[in-house]
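Before I ask anything, let me first share the structure, which is written out below as structure tokens.
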């Protein structure tokens, strides 16, 4: 199997019982369980089952981000010599940005958050350009028209993953305007699905892993 | 009837003969004919018919823009004390931008072109900000992801009409990404249909007319 | 920064706590907070936080319109010598029309409401044509097939912003028929996103500001 | 089989040879062939084959409408005591309107054309209201935003079939804006597919037939 | 105004209070109120208000159909010498079919219901063909693939209105498959929007009115 | 590798040279080449190359169907004890139906064509029901609203594959109405992509192969 | 009527009372009722009515699958000498896979479940290839990108029905990505609608019935 | 300005003269011009203008890939210590794969092509897994259902960019099935627009540049 990206359990589409059973199994086989898109009943069920089966496990539940990570005492966290910057246009990009941060950290990268630099006020972005340039990879989350990664990619020369967010309303308001804009971007960027923080975090993590290895050569 | 916006003939969907007959009629009833979206056979037919019927008319044919304007000798061009800026992101925005310029000029406004300031190179836009701010209204044409009007509207405080352009390719490449992005823009702008330079020019012209009247009060 | 359009907080996609914190901050930095798309829990949270932090602030909550405006005692409302007309086709256009009215008023324009003049009964529109013609700018809200701005633009010569509304049902019933119809309108009009009263109000406000300045020249 | 609607041959999607063979067969079995959507090679092939097989047949080829009707000498045209009005918004609605007229006439109805009454100039429609009201059924063809049938249905009380036309450009420009608008119409109308003049003509013909029978009762 | 189609109040998109006020007004001005798409709170509010203002009014509430009709004692029901057949493919077509029946009856037509004759069991349709042929107009409601009006139109020669229903699931399951199928029908039929029983009933009613007049000539 | 379905070369998206080279290779490795979607230049190139490299090969070119099959003298055609019926609604379904027939025959099945039984004239289908019932599998090709497989599946109890065809025009006219209708069918059928005769033929062929084996048990 | 596929009642779009009445009727006329897509109130109503009317009936309610089957004591289950394999990519494919299994079993086939072999871990699929190859037909349920049937069809030579599942999120996340991928599959497969386990089960059942008959020849 | 990604000229949407002028300018300012999407007239015009203005320039025209690169004698090609693998599913993925290879090479990376490993024959992919694993980044081009990057990402742990290709036909055949499938992929990958080889190449180039720098640390 692959070792680069840790197993993650997507709670959506599963019953709380199914998710909890998969979480317990993951802790037993990999010393860690990462669960995303957890609603309240799922979170409860997971926490209860884990505590019952593994009373010594550590449970971290990020409510706003809807992710849970469970560590067995035996878990040894990876550590990579590489920086991932996670940039948001505004407050409502928090959930997928948080999902991306969780995965990136679990893969061992150093994560820097650069928040609220949407293109409506370009000065905020300009102020943080040096922070952006100091990263090895950038994940940029933006909803509505999703212009932020396009503009940033014109100013910064690091690999850049656009993460479209399903805020906004009306025509294209479910994130399709942001997705389409990032795919059409006149500055070349790669893209993940709408709200797919996990995917962005995992690919950024793979790049971080490659850089860590290169630095160690 | 309305007097604010001059009659315009859309050649698409008409035979060359139909368009030419409408052009001759317009010259006879309003001293001017404005024809847009003229392909080569239509342009020929229009020119031939006009010359035959009105040998003293002046014909202006902008080939790249695919517009023709015919003036009878009796035509008295309007003149408004107001400035319309027409901004393009890149070379491939020329056709609808030119269409908008034609209508704005025919309504009597002063027109300034500000070209090639797409967001891939933000410095070009920053360089022209004073020119943008000196206008009474801005029409901003952009294709691909269409981010330029969003970014400009964050920097300039004049009424602003976004004009999405059907370049680009792949998902949303027929101008729908640009249209969706402008409709979702996190900075408030109004929008016209994809490639609808005529519509943008006519509404900008109405604002110019209102300002001209206000200045004359 | 821009001074033309006041800061507005879109509550959708934010937690009540996030919205309330942004509202308090806006009052402290700009003497006013404008919040749109507030559901009941958000409205409560905003009112509680504002009262706690700024007991002397004035809170205006328009429930049907789902907007809240908070004024600090120090706030000096702007005043523009310009008229914005806000027209609705029917009762169900009330929410976005109200949003547009809020923004237009907060920018200082005089606002006139012209309601229930949908094209199903053309006589109602004809009756109000003089009122329409007396405005400097028109915002016209219509759902279903959204024909009202098209018809009005054939009868009135002022700048006109079409505001498509997400009522209706079946094919195109989420406002897309109205949006598409306004973009395709055979009379030239500018358009904003479905239900985007804020955008329509802000652009109409910028035109009003320009006219106010021109009148003062 | 049905006797109400005559057999019609849709040339699109068939080879010229296939269409011509079907036309000859129709003449032989029903004394008449009605062929729609004929491009030039198909028209040639049909004319050649018919002349070869049935030198005494009468061929009517409406080029703009892209229809051909062939009558054998034995054909006895039906005649109905009922009026179908076919209304167009503009010049570019000619093809489907012509198709509808052909079918309506072949079914025996009296057909009145009411052209160029699009909503951009409402006066033209008002001028022709009495003509509209004098019909037993109305077919109203309109492209772009397709508002004409909606407006007319608010003014006239006869059964009304909206016929959306695929002119226009950009978003919804292939006739989908017109179709969506007619389906969403706030005045109740029935609708046929984009450019489906044949369908509109046939259903109007069935209503005419029913009225003819009722008048004969 | 038009007299052919009675005023109807669409409750969707209005508050219960707004709908109730419109209902009372309709009773006072036209002796009758027809309200469609009424959810439970709206129905309660309407019934309460009507009873309070007009204790002698008769209220008919068809719960499955979600329509309410209120008659003042002075109301004189119209009566037309014409038959409208309302056909359904299956049980889940009941709501829009009922809406159509309500409008058709309120316009004075005789209404016959022909239920459960979907194309999965063609024998059921064949059994009822004589009933279908005895009608002056047919409204045929069908969801899923919506094939029933296409098949019926090949067997019956009366004017026919297809009414697509939003049952089904997956691709096109919101009624778009049925709508598209009816628009593409290889037998010519007219169509109304998805679930638009009101529109189908009103147009069928206009045809009935025309036939009634013709029979009276 | 799989042995059930023969290798097929899709010429679309390849240069004529690339297709011809693949054809020659297929003849050399499998004694047969099946090429679909061949335009004229591709067909020429394939024929020339094959003749040059394998002068003794047999080339069958079905022009209407746009398929070419090349057999080396050593090829031993398979033969299955199973019947595949290929049904079409009308003339314009010929291309994908022909593609399906080619693949089914190359897999060794007996193929029966049942043509022109579209639902507009139900009698034609009823006439051929016994032929349909005599098959082991049915492939039913239909365009426009695509109702034929739905109706047939209500009358015949053999496995049935719906093959939607891209004829028709307007809304859903590129085969999407037929595809959606077949997917939504109220009688259970399986479906392949629009115009995917190859896919239908190959799956029908696999069923035939399974039946042949069962009969031989 | 058809005898191959048993009657099934789709509870969606019906009231619990309507569904229960149809269930009782089915038990009375066919000794069995199969009901799918039952929510809790429907399940209760069905169980209550059946028990009241037929106290000796056996009721099987599969909650996760949302199906109910009722057998009268007189019911004689069919039995076919044929194997249907039902394969899932992951846990969240359980509902439609279960629906397919119910129908397949009710038609008399032997059913084998092969679960959790999604393409993210190809080894799991490879491990189960022999099980797959031992089936007479395969139904393969997969959501997200829906790649599993494509990959399996390249490895296994039995008739294969792809069953797209509406899990996933963002662009195409309602099952449309999976549906589109299966329709475009570069290995030929047939497909049913999104979540249409019933359709897949019924067609697989027809193939099983044909094989059973062939084996009995 | 950015230095990471070289300037590229997209010929689509520009006249040949405009493209040629931009190419000459690029040679003069950056010693190199990279032009993509060149049709024959554009290629001719570019070659003529370059030769006229810079007779000593080297012109490389990749016809199948539709790209032209012009080098002035002074150009010093960059060289990076990093490997980019470009993988294709089949022959028809050649154009965007070639575009990606051109950009990657012009940025200085070593490029390895791994062709014809589509999932229809999984053995071909398995055979090349070691080659895939030896790369620093993978670009994987696939059309139709686009499953190849999903499957490869489950087997290989390097950063991976999916490049959807617009081959295929019918539903989603313009590359949208492949795009949707890659965005929904159950193994995390990043994605670029349909046919956007340039974007994939440029982002892979940025990763290569970062690795080159890390290796040099």
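In order of appearance the chains are A, B, C, D, E, F, G and H, and numbering begins at 1 in each one.
Rule of thumb we're sticking to: a contact is a pair of C-beta atoms (placed from the backbone, for glycine too) under 8 Å apart; a residue touches a chain by one contact, two chains touch by 3 or more.
Because the structure is predicted, anything quoted here is derived from the model rather than measured.
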Notebook entry, point to check: Touching chain E and chain H alike: which chains?
Noted result: F, G
Next item on the list: Compare the contact pairs of G-H with those of each option in D-E, C-D or E-G, and report the one where over half match by residue number.
Entry: C-D
Item checked: Same or different contact residues where chain D meets its copy chain C, judged by the half mark -> same
Checklist line | chain C-chain E separation of Cα centroids, rounded to whole Å | finding: 36
Next item on the list: Measure off the straight-line distance from the CA centroid of chain D to the CA centroid of chain G, and report it in whole Å.
Entry: 46
Next item on the list: Mind pulling the residue numbers of chain E that touch at least two other chains?
Entry: 121, 154-155, 170-171, 173, 176, 179, 183-185, 193-194, 196
Item checked: Touching pairs - complete list by chain label -> A-B, A-C, A-G, A-H, B-C, B-D, B-H, C-D, C-E, D-E, D-F, E-F, E-G, F-G, F-H, G-H
Checklist line | Residues of chain E that touch chain F when the two form their complex | finding: 89-90, 118-122, 144-147, 150-151, 154-155, 168, 170-173, 176-187
Notebook entry, point to check: Which bits of chain D are touching chain E when the two form their complex?
Noted result: 2-5, 136-137, 154-161, 179, 183-185, 187-194, 196, 198-200, 202-203, 206-207, 209-211, 214-215, 217
Margin query: Quick check: in the complex, which residue numbers of chain C touch chain E?
Written below: 64, 91-92, 121, 123, 143, 167, 169-171, 173
Notebook entry, point to check: chain E touches which residues of chain G in the complex?
Noted result: 1, 10, 12-15, 18, 22, 164, 166, 175-176, 179, 193-196
